[in-house]
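Consider the two complexes below, in which subunit A is the common component and subunit B and subunit C are the respective partners.
Now for the complex of A and B:
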């Protein structure tokens, strides 16, 4: 029974991880068409990807978008999590459910709605639209993770600080914030990954010339048959792995997922 | 010190207002398009939508794939989760990490791997033609099977992680007790393990089902225009035909599926607290 279990587990792990090995091998191909097994190994396509202007531009946009929208989401999310966790706000559950609605509504609908009923009528530029959409998407994660971390912080340390003469604002910045720092960092990493990998929300909001990396890759798949997208996919997987491993070592990220 | 509710409201207001204005308002206007008819209000948009055989097929396929992916994930998930909780704590931690990791990797990269595996010159076809099983490469991409495989690979970790945490809460002696009392492994699974981990199964199943029916990347890349699901149909209707009416109807269907699944999740979570 136990051996059967281990065999099944090995098969499942192979099914889950195997495709990454395949794509890494395909990306390391020395040939000019996408095949597996690759026609010889080389770093040709890995280096070629760095020189491709369109991917470089969309990578930079995705990076700024992920950093900017996560930072904005935390500016909205941290005070909201704190206010709702500590104060007897009337309709607290209702407010929480409003903040969590972006998780329930499929991203493609959010993107289309924003395009048709906000971006076009108000004449917003593409980058503003993307920032808005990604921030909305990350706010629920920010509130959830920061709330979880506030629940572990006893309120009497804050009371002690106030009794000893600190202001409320001072208490928040000098007592609360240092204590929930790991939660905020975890929320930042989760938000960054969510935004960086996001496709459906951005689908209708990107324009020609201004596009995010995953959407650029999707569009390129239709006419690119060389190993460049495989090489890029392998690099992205490697980047995510590095982020997750560092985060796990530093913060124990898996507690917040 | 936390009695002043006005401070709490002031702290929460920006986030709540932001989500309402930048999200709920536009989504609400979009959804209202599905019940607005030339003569006022009504459900005629829905009846027109469901009268179209292609759209019926897409709705049916989306539900079918959602159900099949959930079932397959549950079956594979139990086998994997049972084997994981059986290992030492250190190994278990590493294995759980192995299931979290793919969730952080770009779904575009994860889906593209299947093109390399299932494509005309991909792994499977190299093996098939190499062994002389077929002269022509098999057409594996742009089939429902390809979408099914891609979706299972994408969402299986969510099921495994839910089941692992449910199995961890299973009292250690119930399985040996059932065995001593004469139950075989099949009876142990269906009459002891399954009922006691039902909530984990519901939570994992809801996440997988919602993820599968609202997936865009997998059907777009592995299904193309031959195997449309609701999200790819929505995209196609808007980008090819500017058909915002069908888009709003699809949006209502998708949100209804998502809300129904989340209501189920809430009930399972409430049952756990009791």
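Now for the complex of A and C:
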């Protein structure tokens, strides 16, 4: 029985980590085609990636998109989470489910719907469309993580501030915000990673010349078959893991999700 | 010159949604008085206190503090302090900043702010703890910070919501006398909410017993302890033997509903009645007996040094009218 359990566990771990190891190994290949096992080891593709102009551009766009849309999502998400947590808003459960729908609805549907019924009719520029879509995608994470950290803050602490003379707004900035700071940081990191790695929605909304890094990689794979994509994938995976690990160390990220 | 009607509450009705928690409450408190609101959970005492603080809006009625109608004044403008049961300290601020919070909101100049905050910290005996965060303090120390934070802004009225219930027994006694000292030194009017009768009796100038959103009885601690007016209050302050008028062993008196005795008032070993010992518990300084009588069960307590009775033994007992509390209502 115990051996069976260990076997299942090992299989799961292999299944989760295996693809990453394969990609990482392929990216370290010394050969000129994407193969596994790699033909010798070298860092040449890793270094080559940094010199590719198109990837550099889409990387910068992805970065701005992730930072901008997460910041916007927090601007809406933090007050929303606070309102839902503290006030007897009518239809509160319904609103919670609405806020969480972007997590449930498949990205491909959301992307198509946005394109057909918002971007095209309104004639939105590509970057605006991307920002809006990513903001919508990140809001659920912002609301959820901030809600979790609001639950750690007792409401009587806010009442104490009011009784000592603070207004409701003053209380929010003097007492609530400093105490959910870590939650907001955690939400930011999750939102950043979510936006940065986003594929299905971006797929519909990116246009010629303006594209996010994952979409750019997808496109270039169709006609380039060298290990540069594997090298870049491994680098991105490492970046995401590093961000989340640092966040876990500093904030205890897993408490919020 | 102290004001007899420092706080006046008239016909106060409070409700949560459809549930009425307090109904037509009238209450007057004099300046400098320490009043305890005593009652079991759900009697409306905490709700009343929250309404005085401005944390809930009354459905009906008026609250007047020092001549000013504060019924519709916002909580942050009422000049009322509140010490929470959970202390509710600001977790991200040091002891000093917790205490200085209200002063900063009042834009008190820096020198005065430091002087007043330090004075308040000294008053509750926390000198040297100024830089600590709340989570680095014990429960008793947190309680002191909460007190200092409330009194430093010099509220006209200080409300305390079960302030000692989260402390252990010894600390509770210590804080009790500190509260009394603080009240004497500052002369601040206090309303103390508690479900613990011994705390209310020990601390307060006046005790107001509440039940189902109304006042059941009010008076000095001695009034409440020795002369409860109803069965409810009598039970609440430890009268365990309550018999309706006209039943065993009582005379049929028409102006009372019931008579009540504390276990200590029951005389064992002599008297006109007979009973059988059902149980005996040794309490250290006393022995408590459960006795079956023709009129029901009687709880009696005798000093540990007195004669002991065995289980199933038949004893004589007396419920002296002189030591009974006469209860006018339920």
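Methods note: the second predicted complex is superposed on the first by the 251 of 257 C-alpha atoms of A that agree within 3 Å, B and C clash if a C-alpha of one lies under 4 Å from a C-alpha of the other, contacts with A are read in each partner's own complex, and residues count from 1 in each chain.
Rule of thumb we're sticking to: a contact is a pair of C-beta atoms (placed from the backbone, for glycine too) under 8 Å apart; a residue touches a chain by one contact, two chains touch by 3 or more.
For clarity, every value in this text was computed on a predicted model and none was experimentally measured.
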item	value
Subunit C versus subunit B on the shared subunit A, clash or fit after superposition	fit
Partner chain in contact with A:199 - subunit B first, subunit C second, else both or neither	first
Partner chain in contact with A:165 - subunit B first, subunit C second, else both or neither	second
First, second, both or neither for A:175, with subunit B first and subunit C second	second
Touching partner for A:154 - first (subunit B), second (subunit C), both, neither	second
Contacts of A:80 with subunit B and subunit C, given as first, second, both or neither	first
Touching partner for A:26 - first (subunit B), second (subunit C), both, neither	first
If touched residues of subunit A are counted for subunit B and for subunit C, the larger one	B
First (subunit B), second (subunit C), both or neither touched by A:13	first
Minimum Cα separation, subunit C to subunit B, after superposition on A (Å)	5
Those residues of subunit A which subunit B touches in one complex and subunit C touches in the other	159, 162
Subunit A residues within the subunit B interface of the complex	1-2, 5-6, 8-9, 12-13, 15-17, 19-20, 22-23, 26, 33-37, 76-77, 79-80, 82-84, 86-90, 95, 98-99, 101-102, 104-110, 112-114, 116-118, 132-133, 135-136, 139, 143, 155, 158-159, 162, 168, 193, 196-197, 199-200, 203-204, 214, 217-218, 221, 229-230, 232-234, 236-237, 240-241, 243-244, 248, 253-254, 257
Contact footprint of subunit C on subunit A as seen in their complex	153-154, 156-157, 159-167, 170, 174-175, 178-179
Contact footprint of subunit A on subunit B as seen in their complex	1-5, 7-12, 14-16, 18-20, 22-27, 29-30, 76, 79-80, 82-84, 86, 95-110, 112-117, 119, 121-123, 126, 153, 156-157, 160-161, 185, 214, 216-217, 220-221, 231, 234-235, 238, 244, 247, 251, 254-255, 258-259, 262
Residues on subunit C engaged by subunit A in the complex (per definition of touch)	53-55, 75-78, 80-82, 84, 86, 88-92, 101-102, 105-106, 149-150, 153
